[in-house]
Structure formats: C-alpha cells, structure tokens
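One chain, chain A, appears in both complexes that follow, with chain B as partner in the first and chain C in the second.
This part shows the complex of A and B:
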C-alpha cells in the first residue's frame, strides 16, 4: 500500500533542449528514467513512492516538440502541445473538431493548461489497485485484484481483458483513432510511425505498458491526415461528475454522408477495454446505410456483442450501445 | 536557520553561502515563514545533480525577482509556501484534485502542487499576494468577493480567486455559466458555489466598469 507523504523523493531532473539530448539521457538511464511532459500522470506516482525513477527527463525545453503546424491537407501536432491549445486552436476546432472536443473534455481547465496531448495519449491506467501500489500483474506481480471475487471493478473493462482488466483512461485516444492519426515514435535507432490503432496495446501484448513505447522511446509527433477534415463528428463522454472525472464510456466518431447515405465511418470507444477500441464491425454495418435510429440501434447491438462484463460493470453495455447509436444518428 | 544549513550542505557549484544569503535578503525574502522551511533528512540527503538542473534559480513572482534554492523534485507550491513565505497559496489535496493551490503562470491557471518549480524557470508567476495593485487597491475579483461575501471558511478562496481573475481579465462580459465553466477546476468543501458565482458575476461587472 502506498504511504502518502508530501515530498517527491530525491531524484535527478534533466531539462534537455533537443530530442537528441533527451534520447541520450533516456538511453543512459534506461528503465530508471522517466519522461516528463505536463506531469499530471507522473507526480502522483512519485509522491506515493510507487514509481521511483532515478532521472526525470523533462521535455519542456525542447521547442520542436510543441506547437501545431500544417502538413499538406493535414496537421502535425507536437506532443508537448497543451490540451488547452488542442481544444482551442482554430485549425483543430475548424477542421478536426473531434480532437478539440476530446481535449476539452479532459479533467479541469488547470489540468488542460498544463497536461499535454502526448502525455494524455501515453498515460497509464487508473485502476485504483494498481495506482494504490498493490503488487498486481501490471505492477509485475501475479494476481489481478480487480477481478478477485469481491473486487471493486465498476470502472474496469468489458472487452480485451487478459489477466489485467484495467481500462485506457485517455479522452483524446479514441479521437485519434477516429481521425486515422499516426504516432511518430523516436528512439536512438530512428523513427517508427504507428497508426493510432496500433499505438495502443492491451495486456495480451504487454501487461505492463499501455502503448507500444518502451523505455528509451519518445513520442515526437502526432500526425492528423486530411482524410477526415470537416467530416461529421460526434464525441460524448459519460462521467460521474461533469468536471475532473475520468470517463466511464466515451465515443468518438467521424463520418461522411452524401445523398442520405453514410459513405465512410470511423467509430471508436474508450473506457471499455485496456486500449481505445475501434469498432470495425459497427462501422461496416452503417456504411452504405442511412443514418437512422434503426441503423444506430443495430450498430450499437453489434458493438457490444462480445462484451464480457465483470461483477460491477455491466452498466457499461447499455451506455456503450446508446453512445454508438447516438453517434450514428447524429448524422441525420 | 534551517535554510542556511541546506545551502551549506548542498551548495550548488560556484555559489558561496554568503552570496546566497545576500541574494535572498536583496530580494526581500527574509523569512517571516521560517517555521515553514523545509526540514528533515529526506531533503538533506538529496542526491547531487550529475549534470542535472542548477538548483539556485531566479523566479519571477508577482513582478519581483526572487533568488531561491530549489530541489530538482520540488513542487511550485512547496517553493512558494515554504521557501518564499507566500502562504496565500493553499495546499488542499496535493494531487491536482481540488484547486486550492491555483496560481497563474504567464497569465494561465495551473495547480502549483502538481508542477515542478524548475518547469517554470523564466516565466511569470502570479499568486494571490500579487493581485492587489502596489497602492493597495484590490483586484476587481477581490473587491467582488468582499461585496458578495463569497466564501465561508475560505480555504478554497485563493484558488478560486486566481481562477476567477485569470478568466475575467480575458473575458469581458462573461455569463454566469461561462464563469462556472472557468471555475470547474476548483472545489469548495463548504459548498458555497452560488455565492462564489455571485462574486464571479460581480467581478465581471467591476472589470467592465474599469475598462
């Protein structure tokens, strides 16, 4: 169990001015390094003494990692761009409003002013056993406390479990999937570009990580292609309180409709699996159809078909179904 | 004089203890809050920086340059309260979950409990102590809170007032709903939200009168 004290325990802090310097530091300290962006998913770990890096590498001084610029008919967003900027930047609001809405729904104004898009995408799960320092599978142990018989698992997953039943808590992650975004990951041996869908991973691939990134990797850019610019978007986040709270279920969708028919669609949901899910089958069910309530209901039914709820989270099924239904119907 | 001990034990390179003390006095930080200064073995045994950040730094707080020795892993709230004696900034949760520690960095609200002081080097920090003008005139938000009797125990007040100030300065004519949105990162345990919003609306009026 976590012992809460008010000081972060001693460690080194580095503030490199270039990506190269940051990568050198990450290589030098390996598993004992910690990448720091806004820090809002980091300081709790340190204060609670659950994660104790030797060296914190603060990306705040690396200019090329922040800002938004045009790239052909799309955009390139630096991972250090604040969520407030993502939520208010005219190019994002005007053409990729889905991402702006998603960023706007994160936590509180203060957290959005400081939290970054990169940090939001790369954040760890909020499973309270794990965050509380319990030695579960994800923490390198050999039990999942959240799926034990008397566990409190109302906020855990209904899809994609593999020993661990935690969810991905990011609000912006499903929006990047719906926009066909790409993540540029850089390490000392070069750059790899991942489709957003492949960037997020489940416990079946690696139970200790939420994304493909390993120690020594940096997310250096988020590319939003022009594909969905100005499309019909729908974003809805269900949470207990209208401020601060993480999502219970969130839907993000992009569609193109013409002549009363859905031509193409992306529907992504978060809060239901250890990774943001793309709903391919529901997408296929709506393409070529009119965006009616009936089609929305059908897509919702398909979306929840293989769900496996835990003891306390079956409520997520009707929520998810209705969010998918609304996303489809919103295009009328 | 715990502060002096810290410097002697872990003085940053090329900085004598004497120079540091002079710097602190010149910046007006003679410590009325000495009872709040850091103590404890955890701090004093801190690892030496091997090429990491320089601990001695100059912070711009409420328009003043303040020279201060900052641990690499120290939060801004800690520096403000326990090193600079600016105890108007409150610590409620220390976890980005209440807003009591809200300050402005370059005019934008941040939770000072959840950022490192080294992350704000070279930027303008403004705390509740820096709201009134040098001649003692209250900021419109402070005046509005006085007019409306905006808080009960008021532990949350400095944080709310900082959020309100940042918002009304940039948003003339804002509605009550917009104020509520702007204050959605602050919690009041006494639940005095209606009066807090009355104060916010009054602050918008006072701002407009001043403009």
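This part shows the complex of A and C:
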C-alpha cells in the first residue's frame, strides 16, 4: 500500500459531554478507540495515517475534565486544562511554580493554548523511526531501528532501554514526579490512583504504551498534594532551539532546605529514558547536605551511573549530570 | 517636485492584501469542475518501478485519472541528470512516481493508498565519500558525477583509490583526483612564505529550503492555452521554462504567480512538479489542483548542497593570507548540477584575496533530495567554514580579528575566481569600519571568553559577499492617458518587494509622485517584459537599470512630444510632477496625460508600435499588446559595465554559551552592508535581518538527517529539521549601510538578498568559537550535542566527516 502523509483521513468523531459517556464509547470501541485531548500528538498520527482508529473520542466537551481547584492544601487539575492555564494560574505559579515553569516550556504559545496537561503527560514518544511508521517493537514489530549500529539516535535514551530506546518527551511529566503528584485513572470499573512515578512506564512493562493507561482508561484528574507547596524549585529544559522543540534533557526538582542543609528533595529528569526518571539515589545523596556545587557534582555523578549511551547520544551524560548539579546548586 | 522614491520607506503595493489575507496564493484558486491530485512518493532511496497496479484506485468512485512517467502526454525531459516530474526510477526517498486526480483531495489520497506498486530496490548511497570509494555504490545507474568538459556534459563513474582513503585515515578528507581544479599562483610557494599555516577538516550540512508556501499549483486549459497558477520566484523566467518544458509556444501559456510565500532559491524557475497539474488537466479536460503539503515539500522542495572539505591557509605575520588550499566534496543530491562548490572557491578568493590559491573539488550525486541554489549558494557555506579559521589565525598571530579581515579584504581593485575577474565596485573595507563602529567591536571584544556565571561570552564576525547583479534585461512601461505610469515587471514577487522597489528607478527618472505609479506584475497575460530570474540577487541591480533605461526612453519621447507641440528643443524640457515642461519656463508644458494622448495619436515609437530591435521576444510580444495604449517607454539595459557585481554584508554577533549545557544564546547581532545605493531602508533591514536569521539556523540548529542504513530522511518536519524560531533571535538587531553607489550602474544599487545569510551564519560560528576560547568546531550545525562535547572534552557525537546527522 502506498503511503500518504500529512492528510487526515475521514474518521468517526465523538464528542461526549460527560466522563460516563466517554467511558461508554471507549468500552464500545475498545482497542479501536482513540482519546483526543488537545490533539497536538494525535493529529500528527492521524495526518500520517499511521494510527487509524475507528472512533475518536474528543474530550473537549467534558467540562468536569477542565479547571483547577483547591483540594485541602493541594490542587486538583483537570487533565483538559490548557497548558497556558497551567503556566499562568496563580495557585500553580504561586505555590507549585515548578509545574507552571514546565508547562511554559512546552513548544509555542499556540500549542500551549491548544495543548492540555493531560495530553502532555500522556503523549507518545517522538522516536523518528516509530513516528515515521517503521514496524518497530513499539509499533508491534520485532526490531528496534534506533539502536541499530548505524542508527541516528542522538535524541534517544541512555537509561531504561528494553528493546526500545525511545524517550519520554513530556516537559510536565518530570515536574509531576518532583511534586509527588498523583494521577487518577478512571474506567468503567472505577477509579485507580497512581503516583506520578508509577504512572509512566517503560518498554520493560509494556513496549507499546508510555503510561499505565490501557484502552478504556481515561486520565480524569491530576492531584498535586500540598507536600511541596512553596518549596525551592528548579526546572531547566535543554533543546536545540528555544521554541517548538522537544527536550534533549530536562530536569525538574523540588527541595526544602533549612539551616543550610537540604531537608528533603525530589529530582526528576526526562529525555534520558523511555519514562521520566526519579533520581532516588541522587536525592538521598543530597539530603542532609549543603546545596553546594560539590554536592551537585556528586549528585550528578550518581545520577548518570549505569547510563548506557547509544552511538550518538553520549552527550546526554554530561548534560544530565550538569542539570542535576544545577538543580542542587540552585539552592545556594 | 515630487520627492524621490528611492531611499524612502514606502509600503509596497501588495502589503495590504498580504496582511489582510486577501492575497491569493496558488493554492487559493478554484475553477469550475476542478479536480484534486495527489502524488505517490517513492518509499526507497533508489529503486525501479517494476509494475503499477492502479485497478483498485481507478475503480473507486470519484477517481478520474492517473498520470505516470510512461504517460504519452508527459513531456520528454532531455538533458544530463534532468529531472522529470514523475519517474519510474526514483533517485531519492520521496520522489514522485505517479499522480491521481479525483473529485476531491480525500478521494485522491485514498486512491493513492489503494495503488500497488512493485518496486525493485537498487543500490543507493547517501554519503558522497562512500560513493567515491573504489567499488562504492553510485547514486545513479550511469554513474555518480556529472563530467563537464567544454560543451560536454555526461554522467560518469568517478572513484578514488584505496590509497587515497588510506592516506587520509578515517577523520581527514581523502583527496583523490579532483573533478575540478584551478590555481592562482602556487600554493606551495604561499605556504613556504607563510609564518603560520592552519589546516582543518570541515563539514557543512545540507539544508532544506523550507519556504512557508509549498510549491502547490493549479492548471486548466482553455482553447489550447494553458493557464497555470503557481508559486515562483521569477515570473518571466518560469513562464519561459514552463513553455519550454511542455514544448509549447510562450504565447500559449498564461502563468499567474502574483504572490510567493518564499523560495530562497528553490523556486527560481519552473519546478518540475508544475507538469503534473498541467498534464493531468490536459488529459482530463478539467482544472487540476495539486496541493503540496509540508511532508512532500521537504522531499521535492530542494536543498542546499553540503560540503565535506579540507582547508589549509597560510598567513604572514601581518595577517595577510599567503595561500589557500581548498578541497570540497560536494553532495550534489540526485539531480541537476549545483554549482555551489565552484562559487565557494570564488568567494574564498574574493574574501581574502590570497596571494596563491588552489581550488579542487568533486561534486558527487547521492540518493538524497535534489539540490538547487539556496540563498548565497556556495557563499554561505564557505564563509561559515572559513571565518572561524581566520579567527584562529588572528589569535595565533596576536592580531585583532577585525584587523585580519581588513588586511585581506578587497578594495575596488579586488579580484575573484580562477580568471581573476574584476569588480564593478567594492566597499568591503568601509563596511568593516562602519560595522566596527555600529556594533562597538572594540568594547565588545573586551568581553571575549569572559564569564557571566556559567556563561562564556563570545564575540564574532562574519564577512559575506555574494553576487549582486546582472545586466542586459528589458524595461517596459506605459504612461497612459490617465496620467499614471504603469511599470511592467517580469520579475517575481518573492517577498522581497523588488517588484515595487526596482520600479522606483523609473518613477524618479520621470520625476513622478510614487502614488501615480502602478506596478504591473505576476500575471503573464498582463504583458510583462523579459526579466532576470529573481535569483543570484540580480534583481535590484538588473531591474533598477532596465526600468531606468525604459524611463529615459519615455522621458525622451515626452520631451520630443512637448517640443513638437510647444516649440523649442527637446533638451530644453524637463519632467516633474506628472508634467513635461520647459525648464526655463515651467508654465509652458503639458501633463503626462496629454502627452500620452498625443503619443497614441502619433503612433510609431511613441505609442509602442515601433520597438527597438534588441528586445527579447517576450518583451516584444508584451509591447505589441500594449501598443497604442499610451506613451511607451521600452528599452534593453545597454548601460554595460565591467567586472562582476558583488554586494557584502559584515555580520557581528555576540553570544553567551552556557559551559554546563552547551546552550547558545545569541544576544546581539548587527549586519552592515555594501549594496550600493539604498533603495528602501526598511526593506533592506528586513533582508539583512531575515537572511541573518536563516544563517543562524544554518550555523546553529538546522538539521538534515538520513539513516545511512536505509537511506531515508528524518528531518522532514519543522520540529525535527529545526529552522530557527523567533526566540532564537535577539529582540533587537542592528544594521547599517555604507550607501556608496556602484559607479557603473545609473541608480547605484546592488542586490542584497543573499549576503545576509552567510554573514549571520559565519558571525555566530565565529562568536561560538570565541566563547570556547578560540576552539574551532569545524562543523555545522553547532547543535547542543556538538558544543557540549567540546565544552566537556567528551567524545564528539559524530566523526569529523560524518554527514546527514
């Protein structure tokens, strides 16, 4: 079959007004359904005719999936809340600025207006072999083209490879991990709540999915607990151009310091593994220490231990190390 | 007297339509019964079509017809490595194989998906050096280079020896027998005389053009005439090329191309793809629209050839370049004959006026998209490659980096190229001086390699000349009885405003108010003259001259008409404010409207019924159509002149390179030009800055990636190709112009489209090297991975000659 790209084929579009209606549709169409949030990831797939779902379920009309509200000392964010709103909402900017910064680093203003937090978290990888329609492991085939000896893999992973070497491209994902966020996943059987860290999965768990969500599941809320409200945050995204570019490596951290020592810390990076990584060992290495450059360097060294670069991406090691270092040192 | 139009900021006549969205681009046209076409692209880098089974597609409701390379109506394309619109032997992934026309685009796309094509894979190559190896694959069945000798052009197989490769080792350019070699002086003598010799292996990537508007086109036929709405840089030249391709008389083709959403050299004349709607429309008897999407545009939309190269430069203690030894292996892509490599050698000689130079090169076909001129073809690459070496030399000689450019820059007596040609004018040194002042070179270079936190400051300079003119085009204008001046322009409306800005020459010769001038362009049924192609930055120079000549012709006729009616000698009459009058007695005269009426009555040369005999046939045809409609000014540009016409931009950049992350923040940029007389300051600034931004992408972020195992492209979306965005550009950028007129051209203006890109690219490359303490990375683009590896002393992600990464 010859290939057509950049042109969406006709498809069935459903626009339910409630979570219940959406779940019914997802159950009805099962594997052949597709959940559409802002569309920035989905439309690329549809335009290239690589993903051809039978039924597209557009969440845009479900009011209960949008908005930001207080929940005790934390917040609950609807997954259909736009990235622009996440980046500018006073409660997020004021208390959980890490997430606001992360959202602000996504792509461009237009994309942030259209793109949603849920969509950004649940987005698929951008491995160009996979996105190009190559029949790789992640696409149900039995090879990884990106790890072949001559492959072009400067933007692929240095950790967590398991047949697939793609990375998670989300800017907001590491921020949710650093904030101890929880993801509420709903299906027709009920609700399950996942820690952000567990929500994102690698190819070792399921090579065709980026998160725990399976067909029939909806991300219905992102809960940000009060734990890290007003903490010291650090976010930095490194990319080859300053707009509309996915990250090469991103770091997101939250820390509490007192009396010149780090009392508690969360450090997460993305762009280095098929899932956003929480750097537990680096966190342990800095807790109880002063946030100095030396400690940052030590944490960075720990962070990149066991990294396994591919042919073209060894640069991600010093980059990741330095970003961890900066996250720690930023508290000086 | 009306204010001179030249030198002022005047909004061009198409601005309102563009801003309000009323401007119709090729894709916006519709015609009754119009079909939509879609293309089937090759999935492999080199293959042969064994069999096409379109039965399922043709059986679909709404599918009207199919067009393949075998269709008897397809024009026969002759010439060495010439490119047909459709092919049975695709030479790159993404090359169009066939097209389907259907009642709507969705049906056409579904039909393409239903077609079965049996492709036989053929050997392919994406790296020119692989093709030069003994026994290496050829991109084409008949060879891998285009051999040129005298008038001979043929495809040949061209290989180096194992010894050539062994001698170089893996990371230096092997230098086997060149395809082209020229020498000025003797480089060995030059190196012997040198106090400092530097030698580098340099890689310059290929780059897609990425115009905002893809090359969509729509065609229909009426009474044997072809009407085609297309996107082109050059109206007259495309009209001629299209007629020629289709074997038609130019008078049987109407090309409408009033607006063009960017070309950068990729739309100089007729894109081969225009054949598809033209022939499908002839075949089906219905209008056919072919909308090209971004995916397709990246394949068929051309690219700049990349270079793998060796440069050795010798310097005296005073900074004078004693010798340049340059060897370029050019990636020629799949078709045609890009001359970038030759221009690169010429530009190197012009920039540094070396006492001795040896230029060697080979241009090798690869199974990658076709290359064509891209803004300063060859020039932009070579200055981005060599300017950081000039910096290195200055450092080692303990010289100021601006001073070393001054020492070597040409004056008006400068020379260039194998034949040591001369220049029409050159104010390169003045531009360097002015740039140093405007940018604050001396103060800023105090900041070189100083730190601001984790950021290292770098200050850079990039000099960039490019061709800025041509001679001998035609000008055609009419003063009608409404008293207005209608200036007909066969150049394209590429977005540079040349259609209006070059018309100012005519306006000023006749002393008219610009508001009484109408520019006629973009539709060959509107009687356009033969014009330069809107390329090589020829237009400003060529068409200020042609319009000046036509206006002088009109002025002479006005003077004769007035003298005939009112007495006295024609010389005693002058023109201003829409009147021709006695200079000594301004009250005695007549309006242009009156003169136009008289010209119509008088006929002959006054009304355009008699024409000069040195006009191009296209101009003659247009003038014949316009004859009798007013007073005609028509002339070929016979001003002549010596030497080639070159403009310059000197780029000055300041960057901050984060030593922990490799991020480059461009904080300052100023471009200073010698492009002769300034026609339109605001527009000039737009060219200097716009071109520079494109150059920032070239030097810093823009990728062209192929998987060498499979020969297919990856950087084919904006987000993977990474042309620069607005956040990659300083908020404010500076500019200035020397403004000295070129003495050999009546208006004094030279072209400016091309030099800005090389200036932007070279200045940022120089600045980054400066921030790195003088470390020359010798490759583009300077992406984060490359810069960070240099900063951290870790292994570079790519071998020095590794290309398409």
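FYI, the second predicted complex is superposed on the first by the 326 of 332 C-alpha atoms of A that agree within 3 Å, B and C clash if a C-alpha of one lies under 4 Å from a C-alpha of the other, contacts with A are read in each partner's own complex, and residues count from 1 in each chain.
Going forward, a contact is a pair of C-beta atoms (placed from the backbone, for glycine too) under 8 Å apart; a residue touches a chain by one contact, two chains touch by 3 or more.
In this text, all values refer to a predicted model and were calculated from it rather than measured experimentally.
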| item | value |
| --- | --- |
| First, second, both or neither for A:319, with chain B first and chain C second | second |
| Which superposed partner A:245 touches (first chain B, second chain C, both, neither) | second |
| Contacts of A:308 with chain B and chain C, given as first, second, both or neither | neither |
| First, second, both or neither for A:60, with chain B first and chain C second | first |
| Which of chain B and chain C A:43 touches, first, second, both or neither | first |
| Contacts of A:11 with chain B and chain C, given as first, second, both or neither | first |
| First, second, both or neither for A:132, with chain B first and chain C second | second |
| Greater chain A contact set [chain C / chain B] | C |
| Which of chain B and chain C A:32 touches, first, second, both or neither | neither |
| Residues of chain A at both interfaces, chain B in one complex, chain C in the other | 6-7, 9-10, 108, 242-244 |
| In the complex with chain B, residue positions of chain A that touch it | 6-15, 36, 38-40, 43-44, 46-47, 55-56, 58, 60, 84, 107-111, 113-114, 242-244 |
| Partner chain A, residues of chain C touching it in the complex | 38, 40-41, 43, 105-106, 109-110, 112-117, 293-296, 454, 660-663, 700-701, 705-710, 712, 714, 718-720, 722, 724-728, 781, 783-785, 788-789, 792, 794-795, 797-798, 805 |
| Parts of chain B lying in touch with chain A, wherever the complex brings them together | 40, 42-43, 45-47, 49-53, 71-75, 78, 91, 94-97, 99, 102, 108-111, 114-116, 118-119, 163, 181-182, 184-185 |
| Touching residues (chain side chain A, partner chain C) in the complex | 1-7, 9-10, 48-49, 108, 128-129, 132, 145, 148-152, 154, 236, 238-246, 248, 312-315, 317-319, 322-323, 325-326 |
